[in-house]
Structures are given as C-alpha cells and as structure tokens.
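Going in written order, the chains are labelled A, B, C, D and E, and every chain counts its residues from 1.
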Amino acid sequence: MIQFAGIALILIGIYGLMTTKHMIKLIIALNVMELGANIFIISIGFVAHGLAPIYTADLPNQAFSFVDPLPQAMVLTAIVIGFGVSALGLVVAQNIYKKHGTYDLSEIGGEE
Amino acid sequence: MMGSIIWLIALPLLAAFVSVVAQTYQYGLLVVTLLMNLLVLFAAPQGLTIIGGYEPPFGISLLFDQYALIALLLIQVLLLLIIVLARPLAKNYTPVILVMLAGLNGMLLTNDLFNLFVMIEIVSIAAFILSTANGKLTHTFHYLILATVSGVFFLLGTVLVYAYTGILVVQGLMMRLASLPVALSLIPMMLLIFGMAVELKLVPVSSWAKNIYGQANLLTGPIFAAVLAPAFGFVFGRMMNEVIVLHSLTGYTLLVMAISTFVLGELAAYRQTDLLKTLAFSSIGQSGLAVMMFTLGAPWAGILLLINNALAKSILYGVATGVTAAYGNASMGVLKGVFYHHRLLGVAFSLASLSLVGIPLFLGFFAKVSAVMAIFSTGLIWVPVIILLTAIVEGAYVMRWLLQLWSPAFEGYLASKKELPQKRNVFSAQQILVVGVLAVILFTMGLMPQRFVDALQKTQPAMAQYEMVGQGEQQ
Amino acid sequence: MMTMIILFMIASILFAYVLSLKEPKWGAYATLIVSLAGLVGVSLLRGSVGETVSFYYLHFTVTTIGWYFSMILLTVYFTATFFHPFWMDQLIYPAAYNALFLLSLAGTVGLFFAQDLMTLFICWETAVWSSMLIVQQGKSRQAAWVYFVMSAIGSMATLFAILLTIFMSGTTMITDAFIYFMGSPALGGLVFGAFILSGLTKMGIFPFHVWLPLAHGSAPHTFSPVLSGGLVKMGAYIAYLSVAVFPAYQVFGDQLMLQGVPLPIYALMLLGGVSIVYGTLRAIQQDDAKRLLAYSSVANGGYILIGILMLDQMAFAGGLMHVLNHAVASAAAFLAMAAVAKRTGTTKMSELGGMIHRMPVTYVVYLIAIISMAGIPPMGGFVSKWLIFQGLSHRGLIFLATAAAFGSIGSYLYVFRPLSAVFLGQLAPKYEKIKEADPLMLIGMLLLTAMSLLLGIVPNVVLRTIAQIQIELGIDPIMIKGTITATQNGSVNMLSVFTVFGFGFLLILILFLVLPKSRRVGLMDTYTSAEFIHTPELLHYGHHFYAPFERLYEKWPSVLPLYQRLSLKLKEMGEWAETFFFHAEPNRAVFWMVLLVILITVGGAR
Amino acid sequence: MQVTTKNDRSLWEVIGDYFRANSIWMKWYCTGCGAIEMPPTMTSRFDMEQLGMGPMATPRQADVLLITGYLSTKTLRRVIYSYEQMQDPKYVVGFGSCTLNGGIYYDSYATINQLDQYLPVDLYIAGCMPRPEAIMNSFATLIEMIKKGEARGWKHYQENYDWYKANQMDSLGEVIIHDEFHE
Amino acid sequence: MTLMSFVYGFLAILGAFVFQTSLTGINRKVTARLQKRRGPKWYQQFIDIFKAFSKSSITHGWVYDFGAIMALGGIAATVIFIPVAGFQSFPGLDNIFVISYVLAVGMLGMAMSAAGSGNPWASIGVSRALTNMLAYDIPFMVIVFTLIYQHQTGSVSELAALQQGAGIWGWNAFQLPLGGLVAVIALFGMLGKKPFDSFIAPAEIASGPMVEYGGKQLGMMFTLHELMTFIEVSLILNLFFGGGETLWVYLLKYAVLYTFTNIVSGVMPRFKIDQAVTFFYKVPLGLALVQGLLVIFGGWGY
C-alpha cells in the first residue's frame, strides 16, 4: 500500500517536472519525486511487525524479524544527497533571479 | 601504507577538506594529490579491497582490476594535465575538483551498486558546481534537474535490484539478474539504464550537454569532455558487463538510443557554426558510439573509443576554449585562420581532430576499425554502415573547421604583402607545453596501436565472463 | 632496398620540414632531390618483384603493377617539384607544403606496394588527407573540403569492404583475401561495389566527380599537376585491384552477360562512359583553364576505368597505358598553366591571350601535352586510346564506344580552347613585358614533353611492362614485335606513323621554304571589315568559345547542387534533432525520459 | 606624278601573271548604288565565274579591290586600310562615274571626286551605273592588262607612296583614326 | 619501309592532288550547270591554287606559319596512309583509327595557325569547325565501330577487300543500309559541304579560319582542302562502297561519289552550327545506333 503512495508521489513529481517552468516549482517537484522514491525504498525493506534492526541486550526471545536495515541506510544517504542538490538548486535559482529578475525559465530564454 | 587503493578516494577527500582551510595552498594541494594518486595507482595491487571487514555481499568493497586501472590512469593523467592547462581557473574550484576526483575514483572502483549511486551523485554535484564556472546559470539548472531526475531513477533501479536479488555487489550481479524472470528484471534494468543515460548524454536526454559543453571555458570544457565523459563511459562499460541484463526490448532500445545519439549528435554538429557547439555535439555523438560498443558486447572497442575521444577532446577543448577566450568568439568568421599565429596549437588541434575522425596513422582509426570489426562479429552488418556513413558527416565538419582555422588567406596573399588579422595572446608557454604533451601522447598511441590494442584485449577475458548471457538474451 | 626507401621517405619528410622552416627555398630544392631519389630508388625495384617488407604494422611487397604505378606517380611528383622553388613565397605554410607533399608521395607509393588491405587503406587515407591539406593552401577552402568529403565517401565505403573482407576471409593479404568471395557472389557483389567506390571517387567518375574540378582548379598551381596526373591515378589502381585481384568476373559469373561483360561491371563501365561525355561537355564550358583541364581529367578517368574494367588483351592494356599517358600529358598541361599563372597571375582564359609571343617554350609544352591528351598521333595518348577503341570494338560495346568517340572528338574542342585563348590570339598590352618561364621550370616541363613524344613513338617500351602484368594476371598479353603493336583486330607501327608524318611535314616545309618569304605584320593588322580597332583585348576571342554548342546544354542540371541539397538536408535533420532532443529546457528531456520508461514498462509487461 | 612604264618581267612573273589573269578574286567595296549591278554579273545570265572571277570575303584573299560608287571621306579611310591589307600584286577597279569624277556628288562636301588621287586605279568603268555587259567587258580588258603586265598600279603605289600618302593626309587628316568608340 | 615507299608516298600525294583538284574543277562546272551557268574551265582550280602561291604573303608570327606547315604536312602524311585500290605505300598503317586521328593533326595545325593570326573571325570559324566535327564524327565512329566488330578488323584495305567479289550488293552501303546512309551524311559534314558549311560562311564570318590567309598560305590551305577531300571521300569509299578492284574502278567510283555530294550540296541551304549538331545527334546518330544494335545483338550482316 505504502509503495503505491511512493509511486504516486514520484508520478506527481514527474508531472510537475514536465509542466512547470518555474524554477522553485521545479525544485519542489524534484523534492516530491525524491520523497516518493524514498518512501518507496523504505517500503521495500518493510517487514510487517518487524523490529528495528538494532541488537540490544533485551531482545525478545520469541521469534521475531528485523526490518531490513539496508534500505533505511540508503534512504538516509539519499535524503542527504537530495538535500544537497536542492540547496544547490535553490542557490542557482536565486542567482538566476538576481541576474534576470524572474524565476520563470521561459521568460529568460536561452542564454547564449 | 600507500599500497591500498582506497587512498584514491581518501586522499582527494582529505585534500578537499584541507583545501577549504588552507586557501593559499589549494592549487598545490590539488597537483600533489593527483601526483600521489598516480603513485598509488602504480603501487596498489590489483584485486578486491574489502572495506571495514565485511565480506562482499554485506559490506562495501572496491574492485581494482585492469579495466579500472586503465580508466583511473586516464582520468588522473588527464585531470592533472587539464588543471595545469587551466591553472588560473582551476584555482577557484580546487575543493570542487578534489571532491569530484574522489567521486570519480570511487565511481570507477566501487563494487557496490548503491555506493556507485552515491559516487555518481557526488560527481554530479561537483559537476553542477563546476558548470557554474561557465557563468550561464540557467544551463547549470537545466543540468541539475535532469541529472537529479536520472539519479532518482538510478536509485530506484538499485533498490529494485536489491529487492529482487538481495545483494548489491556489482561483480557477478548479472548472473543473479539473468536468472530472474524477464518481467521482473526488465524494470530495474531500464531504470538503471536511464539513470545513466543523462550523464552518458544519450538521446533523448542529452539536451543539457549542448549548452554546458557548448559554452564551456578552459576548465570546464576539457574536464567535462575529457574526464567526466570517459569516466561515465567506463562506469557504463562496467555496468554493461557486470550488472545490466539486456532483454530484446531494452537491448534494442539502448541500441537505438545509442545509434540515434551518434547519428543525431553528428548531424547537429554538422550544422553548427560555433566551434564549441560543434565540439559539444561531437562529444554527444562520440558518447553514443562508445555506448553502442558496450551495448553490442565489444568493450575493448568501446574503451579504445573512449580513450581516443578523451585525449582528442582534451586537446580540442583546450585549444578551442583558449582561442575563443582570446579572440572573443567561437564563430567561424572570427576564428578564421587563427592557427596561422598559433602553429603549435594548430598542429595539436589538427592531430586531435584527425584522430577524432578516425583517420589512419592516428589512434582514432584503430578505435573505429576495432569497433566495426567487433560489430561484424555480432552479425549486424547494417550498424557498421551507419557508423561509416556518419563518420563521413563527422569528417566533413571536423575538416571544415580545420580548414577554416588554418587558412587566413589564399594562395599568393602573403606575397602581395597584405595584412593578416592581428595576433592575440592565447596561451603561455607552459600551457602550450601541456597541449603539446597531450598531442604527443595521442600521437604515440597512434604509432603503436597494436601493442595498445593487445593490452586492451588482455582486459577482455577478465571482465567479459558473463557476456554470453547478455548476448543470448539480446538476440 | 624497400626498407631503405621507406626509411628514406620518412626521414626526408622531417628533413624537408625542418629545412623549410629555416629557408623555404631550400626545402623546395629538398623536395626535388628527394623525389628524384625516390624515382631512382623505385626504378631499381623492377628486378626485385616479390620482395616483401614489414614495417611496424604496415606490410609492403613489390609487384609489377605497383612498380608501374609508382613510377608514374613519382615521375609526376618529380617534375612538379621543379616549380616548387618559385612558389614558396606564394604559399602561406611553405614548410607544411613541402612536408605534406612528400608525405602524400610516400602515401601513394606505399599504396601501390601495399601487401595487405589495412596497409592499403592507411596509405590511401594518408595520401588523401595530406593532399587535402595542400589543396587548402590554394585558392579555395571549399574546394579542399569538398575534396575531403567526396574522398571520405569513397574511402569509408572501401573501409567497409576491407573490414568485411578481413572479417569474412580471416586474412588481410590482398591477394588471398578476395578469393573468399568466389564462393559467395551476393556478399562479393557488396564488397566489390563498396571497394571500388573509393576508386570511382578518386578518378572523378560521374556522380562523384564534383570535387575534382573544384580541387584541381583551386589547388596551389604547383600541386594541380600532381592531383590530376598523380593522385587521381590512385583510383585507377583501386579499380585495377577490384577487377583483377578481386575475382570480379568470376563472382559475377552468373549475372546477365552483355557482350561478355557481367551486368554490374557493365554498369560501372557505363558510369565511365557517362563521365567521358559529362566531363567533355563541362570542360568545353569552362573559362578557367585549370578547371577545364580538371574536367578533362574526369573524362580521361572514364577511359581509364573502362579500359581497366574490360580486363582483356587490348582495352586493359590501353587503360593501364592511358594512366601513364594521361598522367604525363595532364601534368605537363597543368604545369604549363602554372607557368602562365606565375607570370600573369591568372588562369582565366578570358583574361589571357597571345602568350605564345612571350612564352613560346611553354606553348610547345602545352601543345604536345594536349596533342597527347586528345589522342592524336604521334603522341602517347593516341596509343592508349587506340587500344581502348580496339578493345571496345572487338567486344562490340557500342554505347561505350559511342561515349569514347564523343570524348575523343570532344577533347579536340576543349584542349584547343586554352591553346587558342591563352597562347594564341591577341596579346594584351598589360602582358607585353612578361618573360618566358624560368629555366628550371622549363626543364621540368620539357621532361614531360619528351616523355609524351617518346611514349608515342616507341610505346612498346611501356607495353612490355603491361604485357608482363597481363601475363601475371593470366590474360592474353598485348602483342609486341619490334616497333609493331598488335591486337586481334589490327596493328599499328607508331615508329612508321611518326616517320611518315615527319616525311609529310618535311615535304611541306621544303615547299614552304621554296616559296617567297612572307612579310611579318603585327597581330593587330588583321581583317576587321576595315574597322579601326586599337584594343587587343576587344579583338581577342576568348569568352564562350563554343557559344552555339554550349547553348545546347547550358540548362542541363549540374550534379553539385544535388550534393549541396543533400548537405542542406543533413543540416536540416541536425536542426530537427536539435529542436526535439537538444532543446534548452529541462521539461522536454524529462518528458522524453518518462515517455520511454513508460513505453518500455508497458512493452515489458505485455 | 611619275608613271612607270617599264615592263621587263621575269619568266616567273609572266607565268604568275597568267595565273593571276585567269583567276580574279575580288573584294567588293560596295559603297554606293553600283553594288546592285554585281549580282546579275555573278549569276546565271552573265556568269563571271567563266572568266575565273569571283567574290572573296577578305582583302587578304582578294586580287582586285572593286569600288562600286562614291566614297565619302569616312569610307575612304577604310578603303585605304583594306587596300593595304591586300597581297601584292593587287589591282583597283573604279566602278561608275563617282569614282572617276565624283558623279552626281561632284560638289558634295563629304565625298572625294577622284579615286586615283588616293589609290592607284588600274581601270575605271564609266557609267552611272555601268551595266553588267560593261562590267564583263572591262574585266576582259583587265585580264588582258594583267596578262601583258600592264596593270601595275600596286607597284606604282609602292614607288609613289609618299605622294599618295600626302594626298590622303591632305584630304582625310589622318588615315588610321582613333575614333570615339576606342580609347 | 624502304626508300621506294617514300617515293610512292610522294607520288600518292601528287596523284591525289592532281586528281582531286581536277575533279573539283569539273565539279565547279557541274555546280554551274545546276545553276544554269556556263562555269569556269575544268582546270580553274589549279589556276586558283597556283595563283595563290604566286602572290606575296604576310605572316602573323611563327605559329601562323608553323601551323600551316603542320596542317598540310599532317594531311599529306595521311594521304600516304590511304589505301587506293588495295595499294599502300606503307603497308600495315591503314588502321581506320590511325587515319582518322592523323587527319586530326592536320586539322589541329590549321586551327592553330588560324587562331594564331589573332583574328577573332578565324577563332569563331575554328570553333564552328570543331563543333561540326564533334557533330558528324560521332555517328560515323559508331558505324565504324560496328564495321570493326562485324569484320573483326580495323584495317581499311581489308575492310574494302572484304566487300569485293560479291558485286554491288556486297558493299557495306547495301549490306548495312542505315550505316551507309549515315556514312554518306557524315561525308557531307566532313567535306564541309552544304548544309554543314557554316564554319566557312564567307558573308557572315569572312570565311572563318581562312580569313587571314593570303598568298602562299592561302595556296597551302587550298591544297590542304583538296587533299583532305581526297582522304575523306576515299575513306567512305573504302569502307562502304567496296573501294576499287583496280585503280580505274576506284577513281570512277570516287568521281561518282564526290560528284554526288557536290550535286546534293548544290541545292542545299545552310544549317546553323547548333542546328547541325542537333541534326547529327538526332537522325544519323540514332540510325547508327540502331544499325549497330541490329548488327551486334540482332546478328544482321552475318
């Protein structure tokens, strides 16, 4: 179920990427898409009624299963990368705004 | 101590942190790092390096083999020469370049798919920042959006691979994937391919390259065309041989994409009247050709093409951006006959362009011949026809530029004591020396192609062990 | 010996370059000496047929045909070098010119001695690009570019054929590799067509001739003779390889035979015939003497192609001999034009006239050259054309014979035109003061003139070598007995023809001398319907010499626009690609990527 | 004006004169109305070819310069130019009264009256205009004159070149002109 | 090749000249009769030529003279090659291509000399003459190719001999009627007879190449014209009308053929040069090709 939410978010992001030319909106769409991807990844590692994959002294003795920890680690990294890219994108967008006075790519046209 | 390949990643990262602090020694640090990297390359033993003590299916490992050696060597040497060539510009971007170097080395060495994603993203971010040096931020933004979208695709593909196989180790992943049902493995493969397509400049997602390459300066031009492009090419070659299972649908899609990249890139280059734009589209086209070779299971031909293209493009971009900066414009009219004043640059440029086109006596010819011969063995006779027809177009525009740049006037003009256009200062002696060194490397490689091709073919058995699986699927 | 020649060539290229940097004139003399040494060296190779040499990844072997072709090429290169010292100040890059000149020489000689297919191609391309860079130093960049592109079309096709051959047969040796196709006619046809294409482009055969007038017309004056007399002949060698070494007649054995010629070969011959007619018609139209001669090369290329493709006793010998004859004659004609251009600065026929009164020796050189080119006895060109005619009429190839006849008579028209417009007619006052060409240039030209004459009087000297080639190929050799050259349907004794001609000339000379001496009058003292004209330029008939005839076909379409349109179409496709796939907005690329992903997902799911 | 009467021809000249007498090629200088009489003379009724006569295209080939009518000064220049381009031996025949004495144009400011002041006329054909019969008749006379070596006008012109030139210059100013069309 | 060959050769030139010049004179009379004139004496042509030789002359430079000598020399040499009734001064030199190309030496010499005079009319005339040659020679050459293919020999005397013995029907003109027709039409072009004489149009371009000739050069040109006529008529005669078994038969046939062309041309107007080209490429070339194809692929004439 949560997978579909992730896919839906990805699709929404893609829709945004295809339709808008506003730079801030593009970055938002990108973020939505990344968010969707992250949710999707988390869902891969999801195990119903699983525990957090941390070995502690007081682990229950009955049969249990860990949630797959790897996707979580991936997501962590992906979020960091996403953050970096977004920040960079926003800086670039702001600089473009300073130069051209608009956030709309179609108004700027091609920079030759 | 120096014997470990991990220094290739660690050293540049370390240097990057130091360079932020020690602003005055930045440039020296960069050069020293690259030189030390070279040392490491020769000192480190080949093989699998396991990081943190976890065995491959669980932990990250680095794979250093002949293939990686060639790629790493090419990249360290070219980057070293390029930063010497573009010294004034490189000074301002030292930390970025160092981070990028770490990413590149990691990308080529890593044996873990997710780690590969991370490295690609690091390189991408560094490349975004580097591309701002062109001063055209909209193009950077364009590049940023596309690369990130494809990065997300790559990530999804990685995750799906993990979900289906449970491992992320690159080496041998193909075996596992090939045993999956087609319906399952199709989507991750496709996502991985599209995840790389943007950086590989494949049609239809290569639109960023036109402007990033086409308005490059002395630093970004050579780095993008001669360092980043071959690095991603090598990574793609690794992926094709170790990870990606081609089904008939993805295989033909990839082939068509590669061919159309080659053909359309060269056609677009044919109509350009701006030198840098021409080179940009030429890079796109060449990238398509290399991808085609990897797709068709002829990696060593692909490697040869990548090496040739990297060396040639470093010279071409170096000279072209330098001349453009000096004369103010890259258009045909402005640059007419400029090599009359800059003979050595002209000779280097000519060597590089002749090699790029694949004219005999130069490396590019042997690359092209290997490519065509390799394709013959797949039985697709029409592909060489396309390659050779496109090579005519390629030769046509390269020669047009060469002729334009060399001839300031017609026969008898000098005898009539007329004035030629003013000479302007393009490069210092040191920079000319660098271009000369690049040209000499390219030329020497062309002189002993047999030895060179043999060395490349030695890398073949090590990496093509799963080749047959992919081919079986593809046909 | 062979190794020495190769090493010598390589060393001399560097030597000439360095020397020219120091002083261009010395470099020019160096090219003269080097090409002479090459000529002598190669001529000594005659005895060592079969000797092989490997040099790096290049493999060479001495063959009779290779020797024959190299001698022709070296002769042309050698005679052209006599002009070099006078052109160094005209060139923009004299040092590069000298080095590239020798490099292209080395490339061509290497081509003729190539043992394996890769060597063949490497030498071929080396000669092409080095000569292209020389052509660039002439009057037009466009010309050099078109030259390269057309050559590239041919050489890429040939590369395809070569690689396919190597791949299929598993060997690179020229003599062994092609035998493979005896067994597979379909593939053989493809390889034959692709392989010969570079020969066709190089010889300027009809649809591929567009580069030739441009390049020959605007190359540096000293290099045009080499292009026309020398490099074009590389194409003849490729044609030879593709019909004699490649078993073309056997491969096409099951095709429709027309008078003993398989249809594909006949089609190529027809192209040769079209080139003859087309080259002739276009040559008649030209105003620039060099372009005129260039179109005549197109026409003569047609003869050579037809002759070689016949692969029989007569026409084949004629074709091979025509390679030599045309090389010598065309080089001499181009050199004569170069000498005129050196003195006057132009080769436009409408701007020249009356040069005979200032440059009589150059005139004689040109006269002998065109007599040979038009195939009039007693010069060399006659013998080869005669052999080709004999071969054609023996086989009954009537359309080719028609074309050959047209080209032959048509050549009188176009070769006469520069003779009349440049050398004869009124001398413009601005050329009153010019002098005869420099003695060194005259030596170079007169060497060729003497060769033309000798080839006409004692053609058997050359035909002996050609007979040797024919024997090696296993076809009936041309019959030679003393000074008699014999074929199946007729023989000729050129020495007798020359003697009789000399006898007639002598008789009339005596008659002329016996009669009272004529009074010398000025050129302007001519019948003008009693109108007083004082401007020699107005009284010179140089424009549109054959106007009524030209009018008959001036509206005919030219081939060059077709290529231009093709180039434009390619550019349009590039523009289209740029609009669709390289657009400067990220949205479109995302759209494409997503579209493809969805399509593949859907496709995969099905 | 001195008239040469010497007639001591060598044998070759006698033979030559025989040929020249029997092969008279004319350059018709059709300046005036007299030219209309030439076609009937040439065609089937009178057939001048039976005497070996015929029209020629250029003065180089011609033996006889036939002036058929009045000569304006402008034309005279060209007549003299043509005459000097002819090959020796050459003969001038004045045709009609206009060449003799100016004819009806005797008082015109633009024409000359006496041709023999400017060129050595060997024979005049009188009449305005002379009919073909007269032409044939007079050419028979010319043939006789040539045969006997009496038609020596060309030699006379050479010997008295200065006298003729002076007359020409007197009347024309200059013979070879640089007119408005050239230079 | 002995000394006698040269003597015979000289005699052949002389004989050809005398015969053809007389014939020309006679034909001038014939033409005159056609036009209801009396016409000149039969030896008028001799008088004209000798008169030209007897006059003084001018020269426009050495090429003007050299060209004239080369022209007449080349044509005279060609006469030696022509087999007359099977007789040749130099046996083995009568290959049809040799003859037609040696002929070109003379034409080139004449063209050179004419253009060397510096007179534009001469150049125009030469340009027309060469164009005319391009027009008539192609159909003729095609027929010659056909003949050589059919008989597998290029020797004129052999080709002539092959026609003899079968009476009038053995002649190629009747064996290959289309070819014969083409050859006769081409003969008009070769001889410069009307309607193909625009290159010497006297009233338009002042007799074209001849415009500057006077005196001995003019005489040489007239001689050249007579010899050239002899060569061309002989060529057609040998190739298509069986040559001659004896000298008298040969000369008789020759006279008939020449007079025929003369009579026909006497009632013809004149083509413009481009019209001549169009005509030759439409009708005779078409006929020649049809004839050739019939012989080669249809087996006609075997």
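In the analysis below, contacts are C-beta pairs under 8 Å (C-beta built on N, C-alpha and C of every residue); 3 or more make two chains touch, one makes a residue touch a chain.
From a predicted model like this one, the values you see are computed outputs, not experimental measurements.
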Label-sorted list of chains bordering both chain A and chain B is C
Neighbouring chains shared between chain B and chain C, ordered by label
A
Counting C-beta pairs in contact for D-E and for C-D, the higher total belongs to D-E
If chain centres are mean C-alpha positions, then the most distant from chain E is chain A
State which chain is most central when centres are taken as means of Cα atoms.
C
From the centre of chain B, which chain's CA centre is farthest?
D
Rounded to a whole Å, what is the gap between the Cα centroids of chain C and chain D?
58
Chain C-chain E separation of Cα centroids, rounded to whole Å
35
Mean-CA-position distance for chain D and chain A (Å):
114
Cα centroid separation, chain A vs chain C, in Å, comes to 68
Where in chain A do residues touch two or more of the other chains?
14, 17, 26, 105, 110
Residues of chain C engaged with two or more neighbouring chains
525, 527, 584-586, 590
In chain D, the residues touching two or more other chains are 58, 60
By the touch definition up top, name every chain pair that qualifies.
A-B, A-C, B-C, C-D, C-E, D-E
Okay, in this complex, where on chain A does chain B touch?
10, 14, 17, 23, 26, 30, 33-34, 37, 40-41, 44, 70-71, 74, 77-78, 81, 84-85, 88-89, 92-93, 95-96, 99, 105, 108, 110-112
Per the contact definition, I'd like the list of chain C residues that touch chain B in the complex.
56-57, 89-93, 118, 121-122, 124-126, 129, 132-133, 136-141, 144-145, 148-149, 152-153, 156-157, 159-160, 163-164, 166-167, 220-221, 345, 567, 570-575, 577-578, 580-586, 588-590, 592-593, 596-597, 600-601, 603-605
Using the touch definition from the top, list the residues of chain C that touch chain E in their complex.
259, 354, 356-357, 360, 363, 367, 371, 374-377, 382, 386, 389-390, 392-396, 398-399, 401-402, 405-406, 408-410, 412-413, 416, 419-420, 424-426, 484, 488-493, 496-497, 499-501, 503-509, 511-512, 515-516, 518-521, 523-529, 539-541, 545-549, 551-552
Could you list, by residue number, the parts of chain C that touch chain D in their complex?
525, 527, 530-535, 538
Taking the touch rule as given, give the residues of chain D at its contact with chain E in the complex, in rising order.
12, 15-16, 19-20, 22-23, 25, 43-44, 47, 49-52, 55-58, 60-61, 63, 86-89
